[in-house]
Amino acid sequence: MDLLKLARGNTVIKFDFEPEVEEPVLVEGLPGIGHVGKLAAEAMIEDLGAEKFAELYSPYFPPHVSVNEDGIVEVMRNEFYVYESEGDEPDIIFLIGEAQAQGELGQHEVTIRILQTVKEFGTEMIFTLGGLGTGTVPTEPKVVGAATHKELIDLLKEHGIEVRSGDKGGNIVGASGLLLGFGKMMGMKGVCLMGVTPGHVIDPRAAMAVVEKLSTILGVEVEADSLKKRAERFEREFVAQLEEMPSALEEAQQEAEEGKPEEDLRYIG
Amino acid sequence: MDLLKLARGNTVIKFDFEPEVEEPVLVEGLPGIGHVGKLAAEAMIEDLGAEKFAELYSPYFPPHVSVNEDGIVEVMRNEFYVYESEGDEPDIIFLIGEAQAQGELGQHEVTIRILQTVKEFGTEMIFTLGGLGTGTVPTEPKVVGAATHKELIDLLKEHGIEVRSGDKGGNIVGASGLLLGFGKMMGMKGVCLMGVTPGHVIDPRAAMAVVEKLSTILGVEVEADSLKKRAERFEREFVAQLEEMPSALEEAQQEAEEGKPEEDLRYIG
Amino acid sequence: MDLLKLARGNTVIKFDFEPEVEEPVLVEGLPGIGHVGKLAAEAMIEDLGAEKFAELYSPYFPPHVSVNEDGIVEVMRNEFYVYESEGDEPDIIFLIGEAQAQGELGQHEVTIRILQTVKEFGTEMIFTLGGLGTGTVPTEPKVVGAATHKELIDLLKEHGIEVRSGDKGGNIVGASGLLLGFGKMMGMKGVCLMGVTPGHVIDPRAAMAVVEKLSTILGVEVEADSLKKRAERFEREFVAQLEEMPSALEEAQQEAEEGKPEEDLRYIG
Amino acid sequence: MDLLKLARGNTVIKFDFEPEVEEPVLVEGLPGIGHVGKLAAEAMIEDLGAEKFAELYSPYFPPHVSVNEDGIVEVMRNEFYVYESEGDEPDIIFLIGEAQAQGELGQHEVTIRILQTVKEFGTEMIFTLGGLGTGTVPTEPKVVGAATHKELIDLLKEHGIEVRSGDKGGNIVGASGLLLGFGKMMGMKGVCLMGVTPGHVIDPRAAMAVVEKLSTILGVEVEADSLKKRAERFEREFVAQLEEMPSALEEAQQEAEEGKPEEDLRYIG
């Protein structure tokens, strides 16, 4: 791989192998609010045994390396995984990673390179996964959605997914938004599934709710036992904490409702 | 449309059709202080039945998509509308949108692409619309102006528009400013009309005042009933609120007068 | 002038005429701490009757236009003036303007374009003018200096200018610094003259002190009556204010000494 | 040297002479947390009599010049020094400087240019030096490490260096991280040695600890008398200060433990 391309400001995708897929759907789960999308996509990759086939490097990623649990460093990257279906369910390309590109130019550059890549594999449908930070804990796990086309809005409703209405300046920030918007301009369709989450805390419960909705829509079987356990632990511990400190939640909610403009609460990543 | 141009940092304009116009004036109403310019331009477009003929996309727009009231996502864009006059009034090209380009390079890039485009249609005159945030509520709706040439300052005075004197570092920020400045360098003339507004609140009253001045100058009939109603409601509710909480206004004014440097108050967008 | 060059990220210099000069010294007075350099250079231009011969435009300038006292807008620019000497004193090219380029790339781009330009006119010596914010008011107007070469440090001392010793991380920020540093790399020599100033207030007294030192060094006669009057008024009013509110000064000094790291105090612009 | 390359956004390396080296190891000590890496590398350069052979200039460096103790200005740069070994120890290329490149693009550009350069000299092994800010003072000087490959983790353990486990989002920020990560992608191996330091204070004690570990690993003899004295003074004064104001340390520790997210504490530069 020619690193000088990076130095010249280009995003580069390096392939391990060429996946054999037919009209694969793209499922994106990059870091964002509550790491909801990231946890959801990682759980599906693990459960389906999807295989990594490419890595994306960009000079717009944050300028640090990660250190893993063994003390080994790795540069920031996004990774493409493939699930080659053998049944009726669709082939799936997953996009995950430790970081999103920074800044306007970075986000546009990386998004368009990703779309270009999956377009070549025949992708016509995109699912982006994220969290919808509301400052409150929903009593039941809840998933809301937005889409590129009217017929997909109908699909969301059929699956009991509340439609995210953007009448007060609702935005979808980052890759989860741009992949849909520019995918639409390239002739693709797409849906964003957002797990409702308090925000500012990693939320496996919201991620599990997203996994359940998406696997039903795609017709794939996903147990996600490990994520399910984390979700249950989260529910126990978080609720316990709230019962011990009800005022803390109230404060958080109040702050969320008053202290910040409504748009901020509706940040989706 | 070739999205790779965006990934390479270029702003792209996509035409739906080529408008048939003669020396059309450009009217800009992008988001800014109090959304005054945006509301004013949108009301005129609606009232005149202007038609969208082109869209502008830029990698310098904020990296999110908007979600409309039906849950449908759209990428950030600016839009060109045309009013093809059949009488004595001039043809008009409107420029509106949900966002302005970010950063120095972005603002310069997008401004120059817009000017290039309208120059090709023969534009010689530009009106940019915005709000002038003062931290206080004017007792009567009030419009102030600035211009590229002395004779347009005279025109402003003839129409009872106070001339914005920049003796203490007055600036016009963003598209409303750069379109005039660089338009002037390309041989065009222009005026900025600014509705005086408290700032930090969407102000249909100031927008209506701008619409009235501009439609008189252009010689077009604009009722803008919907905006007028919003303006009246704003006046009722805002004034009522002020009467109930006079100290709140005083605080706001005091903060505006003391807490911020004078230039900030004179921000125009 | 081709504005598309700006849209492509380039700085452009537009000439009104080609000055007839021999080894002209460059005197830079762009906005910075206390506007000391700007006031000093403008006063010298006025007094010497220097003539504008070129304008510099950059997409890295802040994205706004200025509004002058008549309500006329102008894009941000830097301006070159020339004083064509008829006696023994050197020819002088002045660089002034309303803004400095923003960001690392912007500062480097604009600095190098300026140096390229004056190099072609034969410039071998550069004077950059600025303020040295100390948070305190010097009892006597005071000028300190730094230079590119040892022999110029000697020159400063001969003229009673204290040498700015950077042993604790002293930096010269922006054009006043980069013009010297990169000018040195292009074979030029240079000096930065800094009027000591409280900071956060426009300081004509410090500017007048800089004018006096520089005109002596260059051997030009500059009265600068207008600046001198402003300096005297500043001294009267500021000192009066301090006598009425001694605690205010103490607070300011204390804040300056404790609240900020030493480097900040030594900001020079 | 062609400065226009800088204006066009390129990083440039200027050679004084071509060093005669065989598989030289790269040792990086740019400014960062506690200036630990910088102090350590500078001490080794001095002690080994390493010689400067190249300078690196970048338009992504902070836009200021430094002023040295004699009042002489210099542009920001990174410097390459070489220690040409005559014994069994390896040849060493040191990289030091006053600044790191700013922003994502800047960090990537400069890192890759550095790697390109040392690759041409045959470098296969990189040591990056930095501080690990923990908000607490370790009772004994302590060095922790991370590496690009498993066998180097073993090497760290052999030398009594604790392995930095990144299970909670540990990152290595800036050149110390990117040189390892992208070096690995170019086929090199590397280690980051981090002296544990309170953070927000220049820490010669931590730097001395890094020097001792690195010189043992490399098999070079380094006395670093001057740094050792600074380290001893630091220990005396810092500990004395802590004994006089124990609450200050407690506060600092508490702030470090509670007030900031864990990732921040683990910032390494």
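To keep things simple, chains are lettered A, B, C and D as they appear, and every chain counts its residues starting from 1.
The criterion applied here is as follows: a residue touches a chain if its C-beta (ideal position, glycine included) is under 8 Å from a C-beta of that chain, and two chains touch if they have at least 3 such contacts.
Bear in mind that the values here come from a model prediction, so they are computed numbers and not experimental data.
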Hey, how far apart are chain A and chain C in touch steps, shortest way? 2
For copies chain B and chain C, the superposing rotation on Cα atoms, rounded to the nearest 5 degrees, equals 90
Pick same or different for copies chain A and chain D, depending on whether their interface residues overlap by over half. different
Taking each chain's centre as the mean position of its Cα atoms, how many Å separate chain A from chain B? 36
Can you list the chain C residues in contact with two or more other chains? 103
Touch graph across the chains, line, ring, star, complete or other? ring
Chain A partner, complex, touching residues on chain D are 11, 103-105, 107-109, 112-113, 115-116, 145-150, 153, 156, 163-167, 169-174, 177-178, 180-182, 184-186, 192
Provide the residue numbers of chain D that touch chain C in the complex, in ascending order. 1, 3-4, 6-7, 9, 59-76, 102-103, 106
